[in-house]
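Same chain, two partners: subunit A is paired with subunit B first, then with subunit C.
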Partner chain A sequence: MGGKPQAYPRLRRRPDNIATILCQFFADFGKAMAKGDLFVKLTLIWWGAGCLRRKQYAKALILTLLEAGVIWFTCGFAMAYVPKFATLGTVQAQQVFNMQTMQSEWNDYDNSFMILLFSLFSFVVWAAALVLCMKSVIGAYRLQFDSQNGLHINSFREDLQEYLDQKFHITLLSLPVLGIVIFTLIPILLLILVAFTNYDQQHMPPTNLFRWVGLTNFATLFGGGITSTFGYAFWRILGWTLVWSFFATLTNYFGGILMSLLINSKLTRGGKLWRTLLVVTIAVPQFVSLLLMRNFFANTGIMNTLCERIGLTAALRSAGLISTSYIPFLSAPGWAHVMIILINIWVGVPYQMLIATGVLMNLPSDQLESARMDGANPFQIFRAITMPYMLQVTGPALVTDFVKNFNNFNVIYLLTQGVYVTTNQLMANSQAKEVDLLVTWLFTLTQDYYNYKMASVIGIMVFVVCAVFTLIGFNFMLRGDKEGTYQ
Partner chain B sequence: MKKLITLILAAVMALSLAAYGSAPAAADQQTISLTLWGAEEDQALLARLVEKFKAQYPDQTFDIQIGVESESTAKDTVLTDIEAAADVYAFANDQLNDLVAAGALLNLSGDVSAVLPNFVGKTLDEILAENGEGSVTACKSGENVYAFPMSGGNNYFLYYDSSKISAEQAQSFDTLLDAAKAAGGKVGMTYASGWYNASFFLGAGFVADMKDDGTTYIDWNGTSATGYTGVDVAKGMSDIAVHPAFLAVADGDLSNQIASGAVCAVISGTWDAGACQTAFGDGYAATKLPTFTCGGDQVQMSCFSGFKLMGVNAYSKNSGWAVLLAQFLTNEESQAARFAERQLAPTNLKAAADDAVSSNIAIAASAAQDVFGSVQNVGGKYWDPTATFGQMVATGELNGKDDAAIQAALDTLVEGVCAPVE
Partner chain C sequence: MSTKKLDAIARKSRARRSTKIVLHNGLIALLCFIWLIPIIWLVCTSFSAYPGKNTSTFFPKEWSAVHYAKLLTPDTVNQFPTWFLNTFRIACWTCLVSTAFVLMVAYAMSVMRFRGRKSLMNFAVLLNLFPGMLAMIAVYFTLKTFGLTNSHIGLVMVYSASSGLGYLIAKGFFDTVPRSLCEAARLDGCNEAGIFLNIVLPTAKPIIVYTVISSFLTPWMDFVYAKMILNAGISANYTVAVGLYKMLEKSLINTYFTQFCCGGVLVSIPISILFFIMQKFYVQGVTNGAVKG
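And now, the complex of A and B:
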């Protein structure tokens, strides 16, 4: 074979999405297994084999140690839990009191939750080991190709240099990715798995075992069962959550824009003062403001006392709008819904105003000038120029805000905890309130009733709805060349 | 070199022989380590009591750590990780059922009860018999005992301002309300809580109990053992609620209402004794709950008796010693010390007979009301539906004149409370 040594064949352009990366990975592996020599095939069993053959001793040693580590992990740790994964434990805890030592003695009991958690952890480790094994095979084939074509094979020092140079992104990202896998991915997977078990107050480890129940919990949530009221509560709470997210996002968004236009308008005096005052409200912790507002509007709070003094309460009662001796700002269904949205405006508008101010500063002024010269009134300018520009720039943020409000736990919980008692008996039978979001309902189920399985199912539903809205929203917002449309 | 190695080997052999030789003796003197959880206000008291306990067994070495855990939140903390929770902890009796279901409390009626005759000289039954009957019932789940009674008086009764309301007028809810109206004050009570509004139903002879499978059982939509219907009781509740002198207070808001001076009579417990004393001044008085009009008769309001108990963790290693510690911290001397320091009503009959205890107005009222009370034994599904029912009556959403609506609401209430856990 003469001529210049060929480079290792690669795709023309770098893969830019997950599907292509995965296809490339499996294609490489397939090629390596098909065309590799004995040592490449041996790498499947002993990861260091390929490197050893091409005299990369340090790398072979590291890979061998890693493989030994995985095997030791499997035999010593995983084997204690994974075989029980299908049943989630069968041995009930039993205790015997020993009068001689004055101590309790336990049998070797199963802890369902530990089995679930550590099995999941083992699966993740094994998945990582599998990827590492396949990468070693691909690497071994690469070495074989290089040595057959007379290309340079890296020494260990050169390999390290590569990880500090061309492959620095891998070095830099390894720790954060590890953190995400351990602290985010594994807990999320664990909680998704709990949704398919019957882990609740009657089945709490270590004393009780829980087991797989398949899709029973989902059936309960969507209205199965004769006396089940979870279904009744779920659709109503979902409806309110959507309504709340919609109004909360929209009112804050437009409120912020209008406030920003008002403050920056040439007709307003002391614009800086107003802006400072509004920004100061952001500095007060939301927690504190919301709790104070709740006491403010409670049944026996200041607002009610005022209304009673000026006769508003009596007027409303004679008009038939209320049936109690106080105005139920935060304790009756319709009133509480409206009040929560209004208080949220008060809490959220200053922040949106700042964002809007920043965006509006970049509004092309020549367009505004020409529009004004053409005789357009302020409202027409707002509708035709300002709003499209704002939407184009902050569109994605609007979608993100919607999803954030979907899970806005603070506002709902802090404003209604302790003051709102539902009078809808069917809602009460599922531990829900008319003003609950899915996430606050989830919190009540977990905190007060230890109903982890239903809470997990609700959590999955929240994720599905948020994901759907995010995908639709982003697709809608980013479709086409927006810049051109705007012009 | 050889000499050095020989020397080292000899030294090692000698050390190992010495260690082996002393090992059996050391095994007798193993340190018994225990963890104890108590309320923050109790820490100093518990430290003193623990020293007394250690002094009782001078030939044992103890390592007792005391941690802070409020009795009202003990269940949550223990159930988060039972194996890591304290060996001995105090909790409120309404948490007993949940803790037993989760296996967090040691069954004191089991084999471990043998340590009591050996070390304290009394059997478990004898120890329990020294306490009031209600407190003993509160410690049991089924036939087995799971804790020792520590303090009582966690029920509710009537505080009133005697300068505005006479003792006679405080006997019946109707006269109480009229007297309050004449004096320009209000009578406060929490309706929107299953803990308080059970007093009406239980007083009329209905039951609130728990079945073996963990579901709650109430019969409030039917006819009670004494012949009243649920509709009668609901109408009685509604008549009180629509009276202009009645103030329906949100759950947990009673202390605020007392402090603000809005009420001249309130239904609350011993925890509000201080606040009532400040608000009512010289007129501070307390008595058992009044009677209310039910089906034309005057029916005495009942209550849920509340106690604080001390239990042993089922997963405790040194369970024998933990049981002895729990028993010591709840015996007569300890209960008397607890009353002296924190005015917590003792459950021990001898300690409660003390003059200082009976002269405490709030505790006396609590004891007087306890005669009509019953131990709380309900499951998790009891609370939300009963709170909703109480709120419906308090806000007037449930019309006191509409029998059919009341019956329907009661039916839904019972359905919700008695539903199986899903």
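And now, the complex of A and C:
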């Protein structure tokens, strides 16, 4: 900056939370509207006005074109959908016989889903346009201030230069954020809205309309009517999902640490070879390895043949543990639950072993030495030094792993889809299985039964549970924020 | 004490140590063996002469490589070479877009200081808590509206558009780039873009390799999204995952199970090679970044 006077008074300490940022934004806008000249005020209607007044022609042209784009979007596109947002459409699709063409044709019907999707899209565009408009008003006032005080006004080239320097983060973030908005944010908002409609198989656009139903779907899930079994299935599946995430996370975590200690021990010969062998199992894609496992443990699969041959099946049958002529590894409750967790150990431990190896390499060796001098046995060392260190470094990852397992689609779906058939009528009524996780249930509901309303409600519940666990988890764990350490 | 006695003690402890080593390595060997059983079964079955599922013995009764030949000659169900090429093409594009997005977001979040940075990061954490499956259902309809389902462009978009959310590992790496390096460059009149391209990126080779390989592997490893987007399309558009999954449908499994195994082996080979290259960076990247939250 040199000796140049500050171009425009800005806050020195930059607050970084959303409320303060918004407050300041609105305060800036209010100030601009109050103190600005005619052109600043005109900017509210014609975005390019302020720039034009200060001879920033290129910027004025761009802003004007953007505004024209928004207006064109509003009139040509948004207006066809947004007015119907309140009802989600009223004209049912019908085939009408057209006397002129002598053919039956579809009438000009409403498509509830399109109305919902495009209205939402329009709201997002309008919100962005509003921010852009207010920003150009603030910018226009800034220009007025600068020119009144005889300060330098940026040329277009200098403006562009800024986007490679002070404002480089905008250049960097715009495309990725656009991707996230279109492919994650809008879809999530859309499905949150669907949770308040009756969008299901009986109300499938384009042939049928769906409409707003308020909190009915939530009532179905929690209260349940006489006929509804969703409440029953939900609590059951939530319970199993929690049990599964708990065991899957814990077994993999400790399994990985133990495996890594075992392989990196001084007694090991050919450590690299062993690690390589284990990593081979990760490199085989899950859809291959898990589909293979599924056939390996199938009712008529090879594992059953082997168990039969060594007499295990007969032994279990005489012990009353099974009533079938095979061991239902993946097709009966209880058996399937345990098998899934065991197979997941096979899937996950090599990953955790890699991570644990990386973390344990940095384990302070002086502590280990002194512990060994004092005569601590390996178990004591593990409990007092290795584990606390691991927990401190990978604690937050444990929380994210829990959430990941909560939403672990692949293992459950690939192992049980088409193999496991529930015999529990109440579960079957809700299209659920005992081994389903909330996400696989949600997937089945949408893919096979088109029950989008309930799937959305379940999705929201998944989010709530994950959010609660993340908050609790991060509050318990010491959060090692190393962001500024090296800088 | 006589030397004889000392010798005896030394021999005894040496013997105890060597039995310990044998036991220790034996345990590891056993574990590795257990872990490798499915892989061994995959490879063995792929060399079976029998086309369907072998349920009576672990090893095939007759050995033959005929199903590899069959797999590589397309028929009505199996179009493995096409699937492989499809997946490769999708992987290349995904890799290109994802790597760019991840590095861009990571740099902005790690090195730059701007208003709303922390808020954006918190928002990303929040978005990650929603099940991806839920967003996918809506994305599917959106893509369908624009006629992008059953197309590779749609799938590439699904894989890469939101990849910016997975910036944490790369950010963890950028956090360790010394700030003084950037300051020096700035004093020399380098602008932020110059620092990114000329100073930070060249020092970030490990994390670039990691990001490139991991985003390249996404389409090879993924199954659900590919199935959702491509399920209704024609077989020539499938990726390896969808194609191989279809081979195991009830009506096909008895003619195609061995070919499925062959396909599994053929896909796993390039993935394994890439994975071994990535392994080193995986450990580095993950321990540097993500685990520290």
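By definition in this document, the second predicted complex is superposed on the first by the 461 of 487 C-alpha atoms of A that agree within 3 Å, B and C clash if a C-alpha of one lies under 4 Å from a C-alpha of the other, contacts with A are read in each partner's own complex, and residues count from 1 in each chain.
Going forward, a contact is a pair of C-beta atoms (placed from the backbone, for glycine too) under 8 Å apart; a residue touches a chain by one contact, two chains touch by 3 or more.
Note that the coordinates shown come from a computational prediction; the quantities given were computed from them, not determined experimentally.
Contacts of A:Q202 after superposition: subunit B is touched, whereas subunit C is not reached.
When the two complexes are overlaid on their common chain A, residue A:V419 makes contact with subunit B while staying clear of subunit C. With both structures placed on the common chain, the touch criterion links A:L267 to subunit C but leaves subunit B unconnected.
In the superposed model, A:T300 makes contact with both subunit B and subunit C. Contacts of A:A428 after superposition: subunit B is touched, whereas subunit C is not reached.
In the superposed model, A:T229 lies in contact with subunit B only, and not with subunit C. Counted by residues of subunit A touched, the larger count belongs to C, out of subunit B and subunit C.
When the two structures are aligned on the shared chain, A:F168 is found in touch with subunit C, with no touch to subunit B. Of the two partner chains placed by superposition, A:L38 touches none, neither subunit B nor subunit C. Of the two partner chains placed by the overlay, only subunit B lies in contact with A:S323; subunit C stays clear of it. Taken together, the two complexes place residues 298, 300, 418, 447 of subunit A in contact with subunit B and also with subunit C. Contacts from subunit A toward subunit B in the complex involve residues 93, 95-97, 99, 101-104, 106, 200-202, 204, 206-208, 220, 225, 227-230, 298-300, 323-324, 328, 332, 418-419, 421-429, 431, 447-451, 454. Touching subunit C in their complex are the following residues of subunit A: 14-18, 21, 113-114, 117, 161, 164-166, 168-169, 171-173, 175-177, 179-180, 182-188, 190-191, 194, 259, 262-263, 265, 267-269, 274, 276-289, 291-293, 295-296, 298, 300-302, 304-306, 346, 349-350, 354-355, 357-359, 362, 393-394, 396-397, 400, 403, 407, 409-410, 413-414, 418, 438-439, 442-443, 446-447, 452, 455-456, 459, 462-463, 466-467, 470, 474, 479-483, 485-487. Listed in rising order, the residues of subunit B touching subunit A in the complex are 32, 76, 79, 82-83, 98, 101-104, 106, 110-112, 114-115, 192, 214, 249-253, 256-257, 260, 262, 314-321, 380-381, 384-385, 387-392, 395-397, 409, 412-413, 415-416, 419-422. Subunit C makes touch with subunit A in their complex at residues 20-21, 24-25, 27-29, 31-32, 35-36, 38-39, 41-42, 53-58, 101, 104-105, 107-108, 110, 112-120, 125-127, 129-139, 141-142, 145, 157-158, 160-165, 175-179, 191-194, 196, 220-221, 223-224, 228, 241, 244-245, 248, 250, 257, 260-261, 263-264, 267-268, 271-272, 275-276, 279, 282-284, 286-287, 290-293.
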